[in-house]
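Contents: one structure, followed by commentary.
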Amino acid sequence: MKVVFVGDVVGSVGRKALKNILPYIKKTQNPDFLIVNGENAAGGKGITPEIAKEIYDLGAHGITLGNHSWDKREIFEYIDEDKRMIRPANFPLGTPGKGYTILKNGSKELAIVNVQGRTFLPPLDCPFAKMDQIVHELPNRIKHIFVDFHAEATSEKIAMGWHLDGKVSAVVGTHTHVQTHDEQILPQGTAYVTDVGMVGSREGVLGMEREAVLRKFMTQLPVRFVSDSGKWQFHGISLELDDATGKAKKIKLLRHFEDEVRFE
Amino acid sequence: MKVVFVGDVVGSVGRKALKNILPYIKKTQNPDFLIVNGENAAGGKGITPEIAKEIYDLGAHGITLGNHSWDKREIFEYIDEDKRMIRPANFPLGTPGKGYTILKNGSKELAIVNVQGRTFLPPLDCPFAKMDQIVHELPNRIKHIFVDFHAEATSEKIAMGWHLDGKVSAVVGTHTHVQTHDEQILPQGTAYVTDVGMVGSREGVLGMEREAVLRKFMTQLPVRFVSDSGKWQFHGISLELDDATGKAKKIKLLRHFEDEVRFE
Amino acid sequence: MKVVFVGDVVGSVGRKALKNILPYIKKTQNPDFLIVNGENAAGGKGITPEIAKEIYDLGAHGITLGNHSWDKREIFEYIDEDKRMIRPANFPLGTPGKGYTILKNGSKELAIVNVQGRTFLPPLDCPFAKMDQIVHELPNRIKHIFVDFHAEATSEKIAMGWHLDGKVSAVVGTHTHVQTHDEQILPQGTAYVTDVGMVGSREGVLGMEREAVLRKFMTQLPVRFVSDSGKWQFHGISLELDDATGKAKKIKLLRHFEDEVRFE
Amino acid sequence: MKVVFVGDVVGSVGRKALKNILPYIKKTQNPDFLIVNGENAAGGKGITPEIAKEIYDLGAHGITLGNHSWDKREIFEYIDEDKRMIRPANFPLGTPGKGYTILKNGSKELAIVNVQGRTFLPPLDCPFAKMDQIVHELPNRIKHIFVDFHAEATSEKIAMGWHLDGKVSAVVGTHTHVQTHDEQILPQGTAYVTDVGMVGSREGVLGMEREAVLRKFMTQLPVRFVSDSGKWQFHGISLELDDATGKAKKIKLLRHFEDEVRFE
């Protein structure tokens, strides 16, 4: 089974990058499942039903979210209807939406899970205990489990990798928006990378206008952040999972820049 | 001018990696300056005069530190004597040690600066204002300035890269212990990477024993962290700077693993 | 039913204050239940079985704890044996000890609950959901429920007061070590105060030596905190609860100082 | 010299309380200086020029602010003109407004200073070092110095009290919105209280609607906070300072509630 996952898509520049790169990826990699983190897809903060449709229309099979899940109010009415969109599973009981789902493509099935860290982030339920519960809850026939761990601290992400090694197919980090260079297959067969990186302007700070971010750091005054309009960068990973066991056989970082892409 | 910088060295496993890799790097790269972040060199927390000597004896020209600078008490008596060791410049006035120094090798000079972020870290003086002051204070003849920005948040690090672009030769992140895959030369000629990554056990969490870290996350009980004894990984970067202008011409990630190194 | 609760007892000075004041309180107030927060009783950090015994010997019927529950290692072996000592209920499943207990005195019964806030504190389970669960779990015959909410933020404490108004007899804050002046009976009959205040040296900072605390704030360097040896202050509250309904009829702040106490 | 200080005024309910209580205070206490913390006066977030005028018209001689200083954009254009309004002094160099000012009433002069803590708050410049600098900068003739320390942590506030004891007339805390019961005159003559408390609805949480605050704590979802419309509470302190030395002779908590005030 081939899975491609695309990191946090930020604003319209991020969506433009998707439009440019996803067809190329589908042609060259032909993934069984294409998953996209969409928590920043609407102007850098949240996602709307329209933008979700836009992403699905580009071929995504599922959308994961994160701490920005709820930034656009339309999502509250929408998220329960959308069977392919997941938000962090460790939000409290009663939160709209769901934390995992099972995607199908022909006879293939992939469980995707979204879970959020607590270090330097709001106090949700324990992501480690929640993952144990989800792994237990999933039907026995499901061998392919993909986890988007949306977290800030490298320690928490690496710890989750070790915690789930051998229990899921992949633990892949999002949220810091910078791709890390530690992609690997852990000893028990789980693919791991601390952060997949973002999709959006490469001329800003995490996809947002850099002047505003710098002003915030230097003045500590209130600043309005807007997504940057510069040239795009695209980050993701591709995974190859054993069809029978769900173990990872390969993890590869994807990285493309507006000026450097070749569509031969 | 060639500069090699090595990320946070963690404990005895990290020092073993230095012993294995530094001779190879010196032979193959022959850097004019070799700098090492030593904030975790003593058992994962701080550094001692003996360990500093060990690192210098392996060929380092300078040592940078970070939030763990002060974890070993011996450092307080020692740091003012050592002209090659720097701690974050934005500790309050009156803090022992210094935040930058000028290293010499023959006729070549390199200013090295250490500065610490404030996002998710203690409230030091503003690192952006401090860097402006240091750039201003440095003698006019100094064209080569290397900055180790020890910080947690990717946003703060990227913002610092933009802030110093064109004013220094390199802004290089440490502290998260995971190498990022965004090495680049910014438009005005400053080399940048969000995090260089660590040197130490690859089987732990950030170089520390993983059982303890996991227990902390899962139980929230007090846990004693010790540096892990597993196989090592080594992370650094090499820079090529223009001799006349100090502008960066090349930035390259360095990454080696215990089992994969070849010393032909 | 009369209940007296004593805020965080800090170190040997705090215990000395208990020795001076508790006999006087028992004589003048004759409470049915006397509860003491002991999280800082051992040198400012944690509690030991010996010190717990010391507090019980002074007449306490129960001991509550907080974020410092686990600072002394002896507690891990001990806490399950002690039926009268509780630690925050919202530590994860599997944590030693218990979060509530039912105390008896003759025919009278009082449930005491300890729960910890999450704002500016580690990410435990949700204290609001946990309290709902405990109120539900307690046997129907229990009408008198006393809650020690160990939390930092005034907003979280006041919110808990409103959340539990009418469901418990009292919500009483600890942890900030400064008595607040907002004792009141909420509209549905729950006694409330944001913080009861501490018992310990009045010449330090929260019971600890002030020179060390000041040095920490001013230098950001590592500092060892020890409990202060100055003259004591004592803070607590007394409650009068309706025998039949458990509703609060009266809440009164207690405050005594070493030089000002009269034992006539 | 008599000084009355009024804690954080929250929204229109807070301003209504001022209208009810300030005339009564002026008549009964006849203070030489009346100071008001106005950081939440406009709907709970920030202050506008119009609302500042409203507060001055009620007899205030000066207005202090805090972390919410900048929540209303109009303040940026206005604050430099207003000689009686101060914002935390430890915002970075170049921030609009000023951190202290000298008020005059006849021949009497009072320096008022506003400074903000850093524990659980954004990383401003060091408030302790900044206070040292201000005490040094103030003209020698100024013996009466009033400090509003806007901070979250009780430890930081108490530490500031000790730090400034004997150097200023009063160190008075704001920001937690709950009056503390530790008003005292420190050994060297500085009046101190950890928090003065707020002015605004007593039926909300810190003056804001309680349903929203509770929903935030229980769901971790985005919530819009608005100031509450319930009955008011009023908190302040009155100080008596020695005319010659500026030392505090008396500190008294002020507390009034909508239903309990008597205007005989």
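For clarity, chains are labelled A, B, C and D in written order, and residue numbers in each chain start from 1.
Methods note: a residue touches a chain if its C-beta (ideal position, glycine included) is under 8 Å from a C-beta of that chain, and two chains touch if they have at least 3 such contacts.
Please read these numbers as outputs of a predicted model, since none were measured by experiment.
Path length between chain B and chain D in the chain contact graph, taken as the least number of steps between touching chains: 1. The two sequence copies chain A and chain D touch through a face in which the numbers common to both exceed half of the numbers used overall. Across B-C and C-D, it is C-D that has more C-beta pairs touching. Between the Cα centres of chain B and chain C there is a gap of 45 Å. We define each chain's centre as the mean of its Cα atoms; on that basis chain C and chain D are separated by 30 Å. In chain D, the positions touching at least two other chains are 92, 123-124, 126, 129, 218.
The residues of chain B lying in touch with chain D in their complex are 92-93, 118, 123-126, 129. Of all residues in chain D, those touching chain C in their complex are 120, 126, 128-129, 152-156, 158-159, 162-163, 176-182, 194-195, 197, 205-206, 210, 213-214, 217-218, 253, 255. In the complex of the two chains, the chain A residues touching chain D come out as 70-71, 91-92, 94-95, 122-124, 218-222.
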